[in-house]
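For reference, the structure discussed in these notes is given below.
We call the chains A, B and C, going by the order they appear; numbering starts again at 1 in every chain.
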Amino acid sequence: MSGSDLLQTTINFLAVGGLYALIALGYTLVYGILRFINFAHSDIVSWGAWIALTVASAAGWLASGRAGMAPAFALPCVLLVTMAVCAAMGVTIERLAYRPLRKAPRLNVLITAIGVSLFLQNVGLLNKVFGNRPSTISALLQNDVLATVGGVQLRLFDLLTIVLTLVLVVVLERIVYGTRMGRAMRAVSFDERVASLMGVNVNVVVSVTFALGSALAAAGGILFALRNDLRMTADASWVLLGLKAFVAAVVGGIGNVRGAAAGALLIAFVEVFVHRYVNAAFPDKPWVGQLQDIYVFGILILVLLFKPSGLLGKAVREKV
Amino acid sequence: MKGLQERVAALRPALAPAVGKSLLPFAVAVLLAFVMDKIIGPGVGATWSKILLDVGIAILLAGSLNVINGYAGQFSIGHAGFMLVGGYAAAWLTFYGSVHWFGTKEPVGGFLGNGQLLFLAGCMLAGVIASVFGLVVGLPTLRLRGDYLAIVTLGFGEIVRVLGQITARQPKNVAAIKERTMWDLANNLGGAEGFSQVPGYTTLFFVYLFAFVLLVLVYRLKYSSQGRALLAVRENEIAAEAMGVDTTRVKVVAFVFGAFFAGIGGSLYAHQVGALDPKELGFMKSIDLVIIVVIGGMGSITGVVLGAAILVILPEVFRQFADYRMIAYALALILVMILRPQGIMGVKELWETSLWRRLVAKVKR
Amino acid sequence: MTTALEMKKLSLAFGGLKAVTDFSMALPPRGLYGLIGPNGAGKTTVFNLLTGVYVPDVGSVELVGQRIDGKKPSQIARAGMARTFQNIRLFGELSVIDNVRTAAGVRTKSGWARTLLRTPLFVAEERALDERCHELLEIMGITHRQEEQAKSLPYGDQRRLEIARALATEPKVLLLDEPVAGMNTQEKKEMRGLIQKLREQFGVAILLIEHDMGLVMDICEQITVIDHGVTIAVGSPKDIQSDAAVIEAYLGVPDERDTPQPKGSA
């Protein structure tokens, strides 16, 4: 692979990694606090994208239908509003569907999460809500080529994704490690009972966790939709996106914020680089291009077999 | 106190009656399947026949999943992957085999004629191939915690789907097929378009034959040491291990058993629908099965039968609300988990509930 | 006479925390030994080492002459060592009798094939199992509740059920982890008699962890005291009761502030 090709692929890899990281963080935060996999997280991602569409068209920014025609402040506005709405959604879902099961066996909550996921997917399909046809929000971003250095194009989208992810991850890191609420979150993730005995309001901490995770998910959803078109809420692409982000969280060490970021980069690396190399090595076999998903799951299996606590995770012993 | 093995010799049943008792339920299963096919089917008409067929397949699939999720308390959400794998194996055998050995793509022969025997062989092959996959997936992953297993089985379902979509095209021309050997055609499973023109061998007889056999096996399993070992793993894995249950082994065997019958279910499905589309047998189908098991009662045979019946018949009855079907399911799932997490039956069977006992007591008087 | 259970220099550390150091004990067949120590001393950790939940860093465990350290808990149970749990780990949703039946299953030979076909051997084994389990419940005094769900049993009966379940595996060594915790005086008296009878009735050696000193001093032939994972005393009940190190471990060293000062000197 030539040097410029390598650089292009690297930019691609960082953007994809950033996307996965935003979504993986939501999974890892919730798992850290409640020890359960929020299957419905990928649906917050898809709803985030669709809510963005709704907001943007309500504001008239998608009227022209052509890419990049909305004013420059449109995207940040949409982003903020959508993140807030999704944060509220996350909190509500937790309150209604997960809180009653706080003490129930983990299997039950998992099933409930699947129920919530199905609910969101299918309500989203209704014509009254988002409908079952794809759409687009590309009007919000003029995906200009910002710079071209020796055959490598840096597109606005890629830069935006990388920068936005960095900013949000740093903000999250600051919250989790630098504020009282963050300390409370970490306390609850170690031992919920003891944390509550120490005066931590577990319900508030859980709500904040869901709010943060859902806001990040919304950002991820919007970025994904800008990149790939906006498919309907029940489309497999959202499930797959969520799944890969979840794999990233697990691979990095579930419950661990830095782990989620590391895992996301690893998954993106495999997806982008391995895919690229394998494609180049087997040009005559077109189906090789479809193997991306398998690589990702392959990594999951390997990690779960050899280091189930993840690359940056710590093993937890159950008291016998 | 005398040990267990010391008492065994004295308690051995006589051979002949024991063999009789062993095989009788299977004979009854064959008979009932026959009755289903020749009497009840024609009796209820075409629409309800199809519904009964679907219910039977659902019972087979959910009943097999019940052994993994219900008895052993594991969380497998990739059961449809086994269906797909089994379906492909069976369809390969019947479609290409039909052309090679019978010279035609159409169903051949009457009841238990050549065609149906080929189909039966296909079903058996489906079960075996699916259980091999079950072993490969189960062996490394059943050591993991519950939620991780969920992700891996989900991933498995997706991987099978992807693999199915990258297989080679399915030649449909009889002459073209005859030119190649069966082995050679093993990769020609239709790719993204799926495998079509699968001969329609599935009848009420076969569906209920397998369904009733499964029910017998699952019943026998539940009331046995092996079955109790599974239930113990579900209840408290650490205690089960301390009481001599090799938990990993037991989980793997349950997984393989479930996979076997899911494979057969896949074959029945393929030969009913006439085609196998990898996208149809993905995550959503797996979830459909999980819903039946959860709502019916994880670990209850009667629960699963009830659940299968309800969840196949209800959508038919409420066909015009198709849009809202999944939403209703989703809400039902959430509400059941919050209000009655054990499902309709819990782990009990119908004859173990106090309601039944009271009814029986009344009848006896 | 071969020992039923022999532990030699067992040690286990979790990172920097030395949970158990250099633990040794030889339990004779039909012996009744006690293991005591303050909370957090490492007693249950010893049990966990014996039953395969933890693998010792150093040392060996021999059950009737056979090495079992490093083996899986289910293999150790099959070899003949059973236990009860400090925090009671019953199969809650299953019935009382099914809890016992499950454990008895370790002595059956029928696999899935025989089970699904209901062969004569399977039928015979299930009948034998049933018979034995009913007898076990009777001995433990919980027959009247046999079809009830285990989780609905009163606390004392739950502890008895755990013992019945452990006995169903036909063990040579029985490890009881706080068998009378939370019981009232009457229940404790009954348990005391029961535990002592077990040795004769089942030919089993017993090692028990307990905090109830009355019980321990009364029925144990030999007592080992550990604190912070280290053995601080071994001997007969009489020896232990007057051992200074033991008293220190439980009650601490007397402090000036403990002894009353004469008035007017402060």
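In this text, contacts are C-beta pairs under 8 Å (C-beta built on N, C-alpha and C of every residue); 3 or more make two chains touch, one makes a residue touch a chain.
Because the structure is a prediction, the values reported are computed rather than measured.
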item: Taking each chain's C-alpha mean as its centre, the one farthest from subunit A; value: C
item: Per-chain CA centroid nearest to the all-protein CA mean; value: B
item: Between A-B and B-C, the pair with more C-beta contacts; value: B-C
item: Centroid distance [mean C-alpha coordinates] between subunit C and subunit A, Å; value: 49
item: Whole-Å separation of chain centres (CA-atom averages), subunit B against subunit C; value: 42
item: Gap in Å, rounded to a whole number, between the CA centres of subunit B and subunit A; value: 35
item: Multi-partner residues of subunit C (each touching 2 or more other chains); value: 53, 85
item: Multi-chain contact sites of subunit B, meaning residues that touch two or more partners; value: 238
item: Residue list for subunit A, restricted to those that touch at least two other chains; value: 320
item: Residues of subunit B touching subunit C in the complex; value: 1-5, 7-9, 11-13, 15, 18, 21-22, 217, 220-221, 224-229, 231-232, 235-236, 238-247, 253, 257, 346-347
item: Subunit A-facing residues of subunit B, complex; value: 73, 75, 77, 140-141, 144-148, 150-152, 154-156, 158-159, 162-163, 165-166, 191, 238, 279, 282-283, 287, 290, 294, 323, 326-327, 329-334, 337-338, 341
item: Sites on subunit C touched by subunit B in the complex; value: 51, 53, 72-75, 77-78, 82-83, 85, 89-94, 98, 101-112, 115-129, 131-132, 135-136, 139, 165-166, 168-170, 201-202
item: In the complex, subunit A residues that touch subunit B; value: 36-37, 97, 100-101, 104-112, 114-119, 121-123, 125-126, 236, 239-240, 243, 246-247, 250, 287, 290-291, 293-294, 297, 300-301, 304-305, 308, 318, 320
